[in-house]
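Structures for review follow.
Both complexes below contain subunit A, partnered by subunit B and then by subunit C.
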Partner chain A sequence: MPTEESSGCQQMSSQAKGLHMPITSETDGPNATCVIDGRFDAHETPSFRSFVDEFHASRPGEALRLRVVLARTTFIDSSGLAELVRAMKQLTAGGGGGGIVLVEPADPVLVILELTRLSTMFEIEEAATLTIDTE
Partner chain B sequence: MPTTSLNAYRAWASTPLTETPAVSVVIPAYNESERIVPTIGAIATYMSGRDEPWELIVVDDGSSDETVEVVRSLGLANLRLIESVQNGGKGKAVRAGMLAAHGDVRLFADADQSTPIEQFEKLLVSLRDGHDVVVGSRAADGSLEASKSPLRRLLSGGLRTMVDVLFNIGVRDTQCGFKMFTAAAAEDLFRRQQIDGFSFDLEVLYLAEKFGYRISEVPVEWIDAPGSTVDAALVAFQFLADLVKIRVGDLRGDYVGPSDQAQTRIASPVGG
Partner chain C sequence: MSESVIDAASGPQTSTIDDLDALQSQVAAAEATIGELTGALVEANDQLLAVYDLAAVRLRSLDEDEAVAEILCLASRQLQCDVAMLNGVGSAHRTGHPTDDDAWMVDCGRSMLADPSRSQFDNGRGRNVLAVPVQCPADGERALVVGRTSGRFSTSDRRVVEAVADTLAGVVTTTALHERALVASEHDTAARLAQGALPRRQPEMAGVDAHAMSMPARAAGGDFYAHAIVDDALHFVVGDVSGKGLPAAIMMVTLVSASNAAIRRFATQGPSAILGGIDSDAYDFLSDAGMFATMMVGTVWPKQRVFQFANAGHGPLMIVDEHTTTMVEASVPPVGVLPLGEIPTTTCVLEPYDLVVIGSDGLTEQVDPAGLMLGDVGLADMVSECRGRAAVEVAAKVFDAVETFANGEEQADDRTIMVLQLDDQAHA
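Coming up: the complex of A and B.
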């Protein structure tokens, strides 16, 4: 059965909740989905890392796939980028098809990935309705 | 934001403007090699999606890290990089950027994206309502502050009180790094501005009041971005010293006279 949890917001004041949105995650066997809304910065990376570590440790030796939904992510800073790279390395280390997919990254996230030259490192699943100039 | 902002960004990134920009965004940067690129990405995507010609000016303040190389390597067509060989202070960097800007509307924004660029429209509404200077504020009703450390809360609260007592400026948050100016106000005020350090905001607002500019304070979201390159306690101490400097300078007549003459009194701008 899938399990769902919400994390990353517990330590924020109620006033801050409007700025730091929760990271929600769901696991289903060797597959997991993590949805990051709002900003993904150093305030949010600990909860993301905890989830990835737990997911990774939950099924030793299996190829694990993590989908990170970034459709409503407004900003990702260098610590958030570093955390995505760490997760990718962790999940691909075992080979066998494990890895991470960035799902429908919002425009600013896509631009940040391009400017940091990380867009070629990740498997990116763009929204079906997107029409992007590729020059 | 619709996907058109992505296409607009790609056009902005690759094709130099042929017209005068309506908006200039100035980012002062000191040792920001790790944080500046995501900030540029967020600002460029948002601003390009507004469908007005705009320019981005990054003013390096003599960084000792690779900020200059990192920004230059982006190769963005409408990003201008102003360099300095020496660290002259945030006030000096912002002054250089605001005076080099061509936009009718000029915003300076901190390099850590602590005030999200999405707050731009709120300030613009106030500018278009007839104000000359619009201050992004963490103290105005409706503002949101997140993750601010207790030390920074204490320091900023104390400094606000000091400013209230000593300056009687109507602005409650003088230090938020998100301020918008008309071109005329920016040209005048930043030529008069003399303080090169972090207190330059206060000086500019003091001058704006002194010379009769219309100022408004607009509540914004603000997130204490980790990895600040600022020593809050040291800045607070310097701020107090600058409060005295501004008052004494005003009494001495440093700020009177046309602003084009005032420019000759300030230290040479950051070279580019």
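Coming up: the complex of A and C.
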């Protein structure tokens, strides 16, 4: 090891601070949840893909379940849809109950899923309808 | 100056000699000071010239290897070093002859990056090293390491090394950005060349007035269309590949080719068979690439006034008759998601001048300066007023109206439209 002497220079940090992260995720064994806020388009798909690839590689041979919460997703384009389809194929490829659930998709997302008929491809968990008894 | 006292015993000569000695000492001290000042001025001037040289290198070259090598040579010469190296992840530049201390000097750089408060190193065998960080936003942090055997590095040496590090950071960042811009420009060119796959002629058939047009976005999407007249029918495909840029453009060219082939092979069996043919050809290609394509396949028999279509996730599709504008939903998911299986066909009877408008999401997803999206309803409002106009006019009017709606906002995706209607020559 080299011997070293202090020069007293200021430590520099490369850590980015204050960046808005529209995609947050957490993993619990074979289950993971990914929350996508705001726009889900070509700018956001790389971080989603990285998370899914990492999750998929973390437990080889196991049936993995991914819940994608889209309740606060304001826009999804074909790049975002393609990533959801890719994740679905990746997680269902091994069989055994693995897969992806779209949780409470916001209206703009639900409309796109229905227009493209992709709604028939995904397991979708819609928000419970609140019934108010006025009597 | 010492006071001159004339002593009777020693006489005036002794006192004068002492005075001269003292004077000579003072002159020598003054000369030494002048020498130091001159040295400092020369050093400052050399540093200034070195900084000029560094700036010149930065402006002269866009080749990273060449520019870094030149800067390291300048730094070595200025600091009288026998080794100067720039080390980073997956890259290394070096000047000077290899020495036994090279690996140790690389370690010095790593140690400095781990703890930037440690920058000067001594191997105990006369080798002194100064290491400073080089901040390269484009590809992370690197270490500039200079080494010599002619003594420790001074504070002014450190200033020079820091100036060199700043210059290197500028060069590395500039060249990386230049390379990226070059790649982006080539992608953009390739994506635009892909537009050449689209048909150059409009469909021409007695009884049918049809017009298709596409305006690619800056980051080209994968909108496409194809058409052909087979027997007594006009067959067409309008589609959109997921994603943007070169991958979408390459896939678009493939799908235009698959569409033309499927029309030739399956025209007599109608739109579902054509769509099934495209799915058979393109599914694996799309699926392997993690992409999909929405597409609407239509066939018009003007003599029978019959319009049939099969829609794999494509939108918007609108039919404008004398009274209403109807939005038509897709019947199956896009091509590339899962093999399509059975594909339903929808059949309509068109009256002359009923408009069939097939757009792409680049029209409906266009936003205005306030961030409001045009949407299917906005587009339906535009086309509902167009019945009775020629197809080319309708297409142009919609493009103009979308541009007016955008009001200066960037076109984020390809805009594509196909408009068709039967004219008075069509008969049932």
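In the analysis below, the second predicted complex is superposed on the first by the 108 of 135 C-alpha atoms of A that agree within 3 Å, B and C clash if a C-alpha of one lies under 4 Å from a C-alpha of the other, contacts with A are read in each partner's own complex, and residues count from 1 in each chain.
What we mean here is this: a residue touches a chain if its C-beta (ideal position, glycine included) is under 8 Å from a C-beta of that chain, and two chains touch if they have at least 3 such contacts.
The structure displayed is predicted, hence computed values, not measured ones.
Using the touch definition from the top, say if A:T120 reaches subunit B (first), subunit C (second), both or neither.
The second partner, subunit C, only.
Classify the contacts of A:A106 with the two partner chains as first (subunit B alone), second (subunit C alone), both, or neither.
In the superposed model, A:A106 contacts subunit B only, not subunit C.
Go through the superposed model and pick first if A:A42 touches only subunit B, second if only subunit C, both, or neither.
A:A42: touches subunit B and subunit C.
Just checking: does A:R86 make contact with subunit B only, subunit C only, both, or neither of them? Give me first, second, both or neither.
A:R86 contacts subunit C only, not subunit B.
Touching A:S78, do we find subunit B (first), subunit C (second), both, or neither?
both
Do subunit B and subunit C land on any of the same subunit A residues, and which?
12, 42, 75, 77-79, 81, 114-116
Tell me, which parts of subunit A touch subunit B in their complex?
Residues in contact with subunit B: 12-13, 15-16, 18-20, 39, 41-43, 74-79, 81, 106-108, 110-112, 114-116, 129-133, 135.
Show me the residue ranges of subunit C that touch subunit A in the complex, using the header's touch definition.
Residues 104, 107-108, 111, 115-124, 129, 132-133, 135, 140-141, 158, 219, 221, 240-244, 287, 290-292, 294, 312-315, 329-334, 336-338, 361, 365, 373, 376, 413 of subunit C touch subunit A in their complex.
Which residues, counting only subunit A, touch subunit C once they are in their complex?
For subunit A paired with subunit C, touching residues are 1-12, 14, 42, 75, 77-79, 81-83, 85-86, 89, 114-118, 120-121.
For subunit B, which residues count as touching subunit A in their complex?
It comes out as residues 1, 3, 5-7, 9-10, 14, 34-35, 37-38, 40-42, 44-46, 49, 74, 113, 116, 118, 144-147, 221, 223, 225-227.
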